[in-house]
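Below: a set of structures, written as structure tokens.
Next come two complexes, and both contain subunit A; in the first it sits with subunit B, in the second with subunit C.
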Partner chain A sequence: MNPLDGNALAGDLRELFAVDVTVARYTCAGCGHADAVATLLLWGHGMGQVARCPHCSDVVLRMVHAPDRVFLDLRGSVRLELPLAGS
Partner chain B sequence: MARAALPGRLTWREATVTGERWETPSARTLILDVPDWPGHLPGQHVDVRLTAPDGYRAQRSYSIASGWSPTAKTVELTVQRVADGEVSPYLADTIEVGEQLELRGPVGGWFVWRETQPAPVLLIAGGSGVVPLMAMIRARAEAKAKQPFRLIYSVRTPADACYADELARRVRDDPGLDVRWVYTRTPPAKRIDVATINSYGWPADFTPDCYVCGPTTFVETAADILVALGHDPKRIRTERFGGTS
Partner chain C sequence: MAIISRGFGGRRRESVDGLPPGQYLTHDFPVLSAGPTPRIPLDRWHFTITTETGQKTEWNWTEFLALKSEDVTTDIHCVTKWSKLGTTWRGVSLDTLLEDVDTAADYTMVHSFGGYTTNVPLEDLLDSKAWIAYKFDGEDLEPEHGGPARMIVPHLYFWKSAKWVNGLTLMNEDEPGFWEAAGYHMYGDPWLEQRYQGD
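Right, the complex of A and B next:
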């Protein structure tokens, strides 16, 4: 199976957050690489998705859909940097 | 959906298929009427969700093929059939005009082109990766934008090319648009390469905005070539599709 990329997370993230998280800049906890969440390599779809850093392939983001809730694991990202509206 | 629609929170909605158009023998465009569609930027996509009678659900992302204007109230998706896919055979072959599907969007604010971007634009498409790039070409025309666009479109054979007639017409009528075809299965068969992007893309000195969409290996090859030719990685935006849906 070929990976998709973080662009494909836009709908699932937009269902949780009021802003488009795919334009946020992540900083990888593994290697320090920073780029848009949209550039992460995305594996799996449906219940479980894993997004890896394209630079070092460490897991940056994990998202698991249970029937009644979502688990979002961001421990692979040191931080997210988001533009504020109007900036 | 039982969940209340909170303001600012994206929810699923019903779209109605109001028309269809075959682009190639394996790719069909669905014309959708989506109530209260807020408009979209070219390059954005929607998520489509299918629910089986037993409750099993499958969800996929599809790029929007159409540009947006307040007068054209429809949204178009071009779906390439993947033979062993879960969702695309239904959208390409089964669903009929008048039927409904569940849709969420528009989403994705990164792989988009805005008419306020002043730079020339280079679009590089692999197969059905042309869909969001076509939306950019259409949106540029609708906005009467003057930024010159170049499209390099790699596809197996001429019969596999989506939008071929429309692209030919647009190139004929619009001096600001060029298209270079690369056929990977028709002699002289070739893949996207340094010479093609160097000859038919923009020079890096022009600091173009580059958009690459296609299968993963295609996207990585084209993006690597752009960087090697001196393009600023910050000006290269990519979108991959897995070819497994």
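Right, the complex of A and C next:
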């Protein structure tokens, strides 16, 4: 089973945020690697979306869809840096 | 012969004995992964039980296979709504592994090669309720299904049956594992549909 890249998160994240989070820059809590969310390795089968750092393979982001809720776990990301429109 | 037909029942899930609510029967064995499949050479395999005081008991592959093993036939239920009935496994009971472990803890965290974790109360691993399985359907357990060895806790949703298992930590307090921290239920009883937190 091979992972997709973080671009495949775009639809699910757009349900939650007013901006396209796949262009945001994450910093991995495991190794400090920083790059666009779109470059994460996405294991999107089964129980939820698991996005791993392509540098150290630690989990940066997890998203679980329940019928009435979405859980977004970002403990593997030190921060997300989002460009503002017009800047 | 009945005069009035009861009608075609189709494949209604309630018509299949042994299916918990909301589950569908499958004859396949779907593979769900949250990361790359670890390939663990048998000479590097180990399983370690760590008590709440830090005492460790460890088995290598040869020592593990020398333990008394059992054949188990059981139904399994995945939280993604598939169930598979009458699966056959061979493995070592957690009763055997925990027999000489001195603990007063009530909770455990199961650990796997690759970093996966899941929490299970200790009493759910005892009294012939859980095994570390190394054969499925008479064959060595394939890496995609958790080989060389995986936990089997079939009375709970199958995410509690950790693939590629390598350890068990005994804990005084319950703590969430990999999926529990991301919104799934702390216990996961399929008969109560305990899928997500708050269910």
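Going forward, the second predicted complex is superposed on the first by the 84 of 87 C-alpha atoms of A that agree within 3 Å, B and C clash if a C-alpha of one lies under 4 Å from a C-alpha of the other, contacts with A are read in each partner's own complex, and residues count from 1 in each chain.
In this section, contacts are C-beta pairs under 8 Å (C-beta built on N, C-alpha and C of every residue); 3 or more make two chains touch, one makes a residue touch a chain.
This is a predicted model, so every value here is computed, not measured.
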{"item": "Which superposed partner A:R69 touches (first subunit B, second subunit C, both, neither)", "value": "second"}
{"item": "Touched partner set for A:S57, first subunit B, second subunit C, both or neither", "value": "second"}
{"item": "First, second, both or neither for A:H45, with subunit B first and subunit C second", "value": "both"}
{"item": "Partner chain(s) touched by A:E15 [first = subunit B, second = subunit C, both, neither]", "value": "first"}
{"item": "Doubly contacted subunit A residues - partners subunit C and subunit B", "value": "1, 3, 45-46"}
{"item": "List of subunit B residues in touch with subunit A within their complex", "value": "8-11, 45-47, 58-61, 104-105, 107-111, 215-217, 237-245"}
{"item": "For the subunit A and subunit B complex, residues of the former touching the latter", "value": "1-8, 10-12, 14-16, 18, 20, 22-23, 36-39, 45-46"}
{"item": "In the complex, subunit A residues that touch subunit C", "value": "1, 3, 43, 45-48, 50, 52, 57-59, 62-64, 66, 69, 71, 73, 75"}
{"item": "Of subunit C, residues touching subunit A in the complex", "value": "31-37, 79-80, 115, 144, 159, 178-179, 181-184, 195-197"}
